[in-house]
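Below is the structure I would like to discuss, written out as structure tokens.
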Amino acid sequence: MNAGQTPEPIHMARERDHNHHMLYQMLLIRRFEGKCAELYSSMKIRGFMHLYDGEEAVAVGVMQSLTADDAVVATYREHGHALARGISACSIMAEMYGKREGCSRGRGGSMHLFDDKTRFFGGNAIVGGGLPIAVGLALADKVQKRPRLTCCFFGEGAVAEGEFHESMNLAALWQLPVLFVCENNLYAMGTALALSESVTDITAKAAGYNIEAEAVDGMDLSAVEKAANKAASRVRSGKGPVMLECRTYRFRAHSMFDPELYRAKSEVEAWKGRCPIASFIRLLKEKGMLTDTELHEMEERIAIEIDDAVAFAEAGMWEPVEELTRFVYSDRRTE
Amino acid sequence: MNAGQTPEPIHMARERDHNHHMLYQMLLIRRFEGKCAELYSSMKIRGFMHLYDGEEAVAVGVMQSLTADDAVVATYREHGHALARGISACSIMAEMYGKREGCSRGRGGSMHLFDDKTRFFGGNAIVGGGLPIAVGLALADKVQKRPRLTCCFFGEGAVAEGEFHESMNLAALWQLPVLFVCENNLYAMGTALALSESVTDITAKAAGYNIEAEAVDGMDLSAVEKAANKAASRVRSGKGPVMLECRTYRFRAHSMFDPELYRAKSEVEAWKGRCPIASFIRLLKEKGMLTDTELHEMEERIAIEIDDAVAFAEAGMWEPVEELTRFVYSDRRTE
Amino acid sequence: MNSIKNTVKMTYREAVREAIREAMRKDERVFLMGEDVGRYGGCFAVSKGLLEEFGPERIRDTPLSESAFVGAGIGAALGGMRPIVEIMTVNFSLLAADQILNNAATYLHMSGGLFNVPIVIRMSTGGGKQLAAQHSHSLEGWYAHIPGIKVLTPATLEDARGMLWTALEDPDPVLIFENNTLYNMEGELPVDAGALDIDHALIRRTGTHVTLITYGASLFKSLEAAEQLSKEEIQAEVIDLRTLRPLDHDTFLKSISKTHRAVIVDEGWRSGGISAEISARIMEGAFYDLDAPVERICGAEVPMPYPRHLEEKALPQVETIISTVRRMVKSNG
Amino acid sequence: MNSIKNTVKMTYREAVREAIREAMRKDERVFLMGEDVGRYGGCFAVSKGLLEEFGPERIRDTPLSESAFVGAGIGAALGGMRPIVEIMTVNFSLLAADQILNNAATYLHMSGGLFNVPIVIRMSTGGGKQLAAQHSHSLEGWYAHIPGIKVLTPATLEDARGMLWTALEDPDPVLIFENNTLYNMEGELPVDAGALDIDHALIRRTGTHVTLITYGASLFKSLEAAEQLSKEEIQAEVIDLRTLRPLDHDTFLKSISKTHRAVIVDEGWRSGGISAEISARIMEGAFYDLDAPVERICGAEVPMPYPRHLEEKALPQVETIISTVRRMVKSNG
């Protein structure tokens, strides 16, 4: 394409690839969520389902700072995290269908995605419930002297739960390698942050535990990535946990049952104007790192990936009802 | 006594009376606890019992800022609070014996002193468990527009519990009239503060909730009283909760079962050198507000009050075993 | 049937809402508190519209702090209010289990009768909506183990409408479990429907061959099974427990003295559930009346799986009730 | 009797300590975590001396944060460790009920078998020490309602010593309840006492007239009652359940096929306790073997009162067991 020009330097090519990779992931999440909404309407997916539109830069940006050995703990709004962590769209979609080919064998559904290969520990649908788990995973790593971290995502609504406080304190007290990522999208279901916290600056909470904290524009992928890299390296240095607050917004309703009475349409529109994907595309184009053709191709690859995922899910098998009570206890006795 | 001298001005007499009253209360608590320890050894009192020696200035100082209409919520280490709140030594001692004349009809014992006349809501033996209760009492007052406050005592150990965090946030968010009093005696059973909190300054926690907080020398009665008065008036002004941290020390073991392996004898001795009662006596004597004779008389009155309490408890009745399951549900149906 | 003017059509959800509305109008001390009960309109839309009528002081949105707001409800009750505390889903109530058991249930006793706690705690319960392992359990029978609290499980519109006020008048803590599959159920209610007794079980269908003992969403499955069985000349008596604690055993013991057979239908986990307690009470109170051992049809002992076919298999179903009763009645007539 | 050199005298407390010590020595992944387990030596002195041997990383004092440190135990188990988490007293475990039910018990299932949680959670339980309404309950039977966890109730020194290691080897979460009145109990243990099965109930005394089904501290009251009853020619078979979930009913059903009568002794609250489940299983599995209805002797349904005479009245006692059995055996011989 650059025929006739001097060849692009290697570091630029790398940067471009990396950016394309991140853009691909954000777009994949966005399209994936769109498809999920559709499938929900056609009753292929059931239960509670929480979509991630608008928040893609958070999961994608933060994941860049993790290695394959790190652990991830997420919430019920975790399709994006699962995709960004590298779990295949096929096995996620199959999970949403409740098929045994799903990443949780169909037993978990939308809110309970799990994967051992990428150390993805859920998919926790109790608000705040994943934080102590993350502390424990980090404790195991520290005690076993493994150079890993645990990245724990949670919403700003979780900050009001006692488990947030207890977990922050434990992690700080024991200097554990946890990267706490607060996805502050301003609402917990219909409750605005100002109605749930007497102090709405989440990073101020961290001070009470002597935890280094930084707030970052969660709609700006590069900013998130940079902040996450900095935070993760600090965690890796052994100086204890770090908190990253990503200020973001969900474009869609809380779940599929939400009439959205609690926020103004204009507010939603204003935030949509700050779409992390659109602005990243703009940025890449400005930098000459993305062409319309490339974008188009990307969208086509994504469409195929999602079609494949749906086909995979459709073709999946139902767990036999005879196995209903399997996985209540482990099949094997000891290890 | 001042025969031949100019008569003392009225405000001085008032101050003297007030100081004598407070000294009386502190001494009463100290002697009461001594008697309890004795009675525990002779098996008249059983169960878990936590004594308050060394911390008297906290309960006595803080109670001065309360009116009869205010509510009090305390912990399992609450003999001192109950006495300072004006519950009779007789009914407290009878409670400790498990007699029906006890303030909780003998059902509660040392850890569960209750009294409706003084609005004393326990005696809560779940660490942190009283904080949400206090928030609710204050909410009831605020909503019903009653000019009252709720004073909630808790140990520094409770700060690690999620309920502390949730309660602070709720009280601040809803601007409720709660006076949070943290009795920081440096240990939670055998766990030193530095082993339970990543940030050992308790007032720093309050900042995370936008709650005004002050730390005060809990061994200095006048300082506690002054700080409590200030805090209480702020609470009464309707600006929401205030936290008072009283830095103190318990002279005795955590409970009657504690071998005290976790702290040095020398540390205990050093703190005993700062006994709030001894220093208050010194102060009053310096100010010419207390004579040896007065002190002696006071001790005698206290000895009689305690003897009476023991006699009252001894003479008390056992709840008939037929009434075992009474008070599981209310006797009356509606109100 | 209900063509007479003085009934009105509504859903179970609306019946609960009307009950709350009436209570709020009747008694200034009553208020509703919980996550998203106000601006959002309630997680299951139960309280929709109430914020507009009563304002944010009485329809109080709380932060995500189950332990503190349940505890605050207890404190407010001690302070003279009549709080209705809503917990979105029974599984979240575990975050407040300490306040429920160690405070609400014990305050009266440990204060020797001084302080009663007139709180009502409502929550949704049950499976059937594919909400998986952290949102689908039926813990009402589990809570019924705790002395000091009462446990109500209204199944019908009448009860959804009528048990709340009686619960609020009760001087002691009352937990109300609303099965989430019932919210959309429609029916006719008398315009002047009002408070109902919370102490007694009710016979919802009379019969002579077997007693079906149930409550909540399983009531309707049991009634459906009874209907079908009646075509085979098997007449099942169906008892709706309504309240799991205190458990009104007189009603089912009396029924068994007539039918000599009993099947318990409960979507809670089997081991140590309310079904076990019912069976034990029959053992103790009607052993010599029994022609056959009491059977239990319960929820499978599994954290609820997500897919529909597994969830259906995990819950009691009409067919199982029918086949169980048929076998029981036929095998020793 | 135990004059042979290879036994050693110790208390129940020491037996638990030895079990922990051995596990820590055998497996680097094992560690103990909880409030005051280190410097204080354990609230009931169980872990006294272990800090000195293993250091603060492996005998880990925690802040007062039941939910977070139980959750952290679950996380550590997921991360490859073998945590033993101590909760001082069963009533405090309610603060961690969410982590126990919504995480420990569900992780394996909701991950479709990917993630098992090999955690052991120990706590003291039971009344008898005049600790009143927030420290004295027996909730082990209540926890036994939850699928996904196992519930152990070692009563003897052998079991206190032998069940822990097996629990640690179990891939799934195990709760161990130690009745606080047993800690001071003395006995002889073989020097080489080791791991024991956790799946089966045991007949602690054989008999022919009645089966006493019990566990924990009530075991000793039942044995005492059996001893006294034997003087009246009534031979009671005493079954120690040892594990409440999964419940080994085969052992007691088999016994009842011989004795035709059963009495359950459980200090937990009666309604919906493990006693109810046992009675229901007998109903289902041995109805035609029974000569009389199964009876239950349980803790009174009351938040525990403080005074000794009321607490004694609230707990099962030897006399009640004797009179119940006597009446039962005499009334229909």
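By letter and in written order, the chains are A, B, C and D; residue numbering begins at 1 in each of them.
Simple rule for what comes next: a contact is a pair of C-beta atoms (placed from the backbone, for glycine too) under 8 Å apart; a residue touches a chain by one contact, two chains touch by 3 or more.
This is a predicted model, so every value here is computed, not measured.
Chain pair with the larger contact count among B-D and A-D is A-D, by C-beta pairs in contact.
Distance between Cα centroids is largest for the pairing of chain A with B. One finds 37 Å separating the Cα centroids of chain B and chain D.
Chain D has its Cα centroid 31 Å from the Cα centroid of chain C. Chain geometry summary: the mean Cα position of chain A and that of chain B are 48 Å apart.
Separation between the centroids of chain A and chain D, computed from CA atoms only, is 42 Å. Of all residues in chain C, those touching 2 or more other chains are 62-63, 65, 67-68, 91-92, 95, 98, 102, 109-110, 132-134, 147-148, 301-303, 305, listed in ascending order. Multi-chain contact residues of chain B (touching two or more other chains): 106-108, 112, 124, 126, 129, 160-163, 166, 169, 173, 195-197, 325, 328. Contact residues on chain A toward chain C in their complex (touch as defined above): 46-48, 97-99, 106-109, 111-112, 124-129, 157-158, 160-162, 188-192, 195-197, 258-259, 261-262, 318-319, 321, 324-325, 328. Listed in rising order, the residues of chain A touching chain D in the complex are 71, 100, 102-108, 112, 114-116, 121-124, 126, 129, 131-141, 143-144, 150, 162-163, 166-167, 169-170, 173, 325-335. Residues 35-36, 39-41, 43, 61-68, 91-92, 95, 129-135, 300-303, 305-310, 313-314 of chain C touch chain A in their complex. Interface residues of chain D, counted against chain C in their complex, comprise 67, 91-92, 94-95, 97-98, 101-102, 105-106, 109-110, 132-134, 141-142, 144-148, 245, 247, 269, 271-277, 279-280, 282-284, 287-288, 290, 292-296, 301-303, 305. Considering their complex, residues 31, 57, 62-63, 65, 67-81, 83, 98-99, 102-103, 107-116, 118, 147-148, 150, 169-172 of chain D touch chain A.
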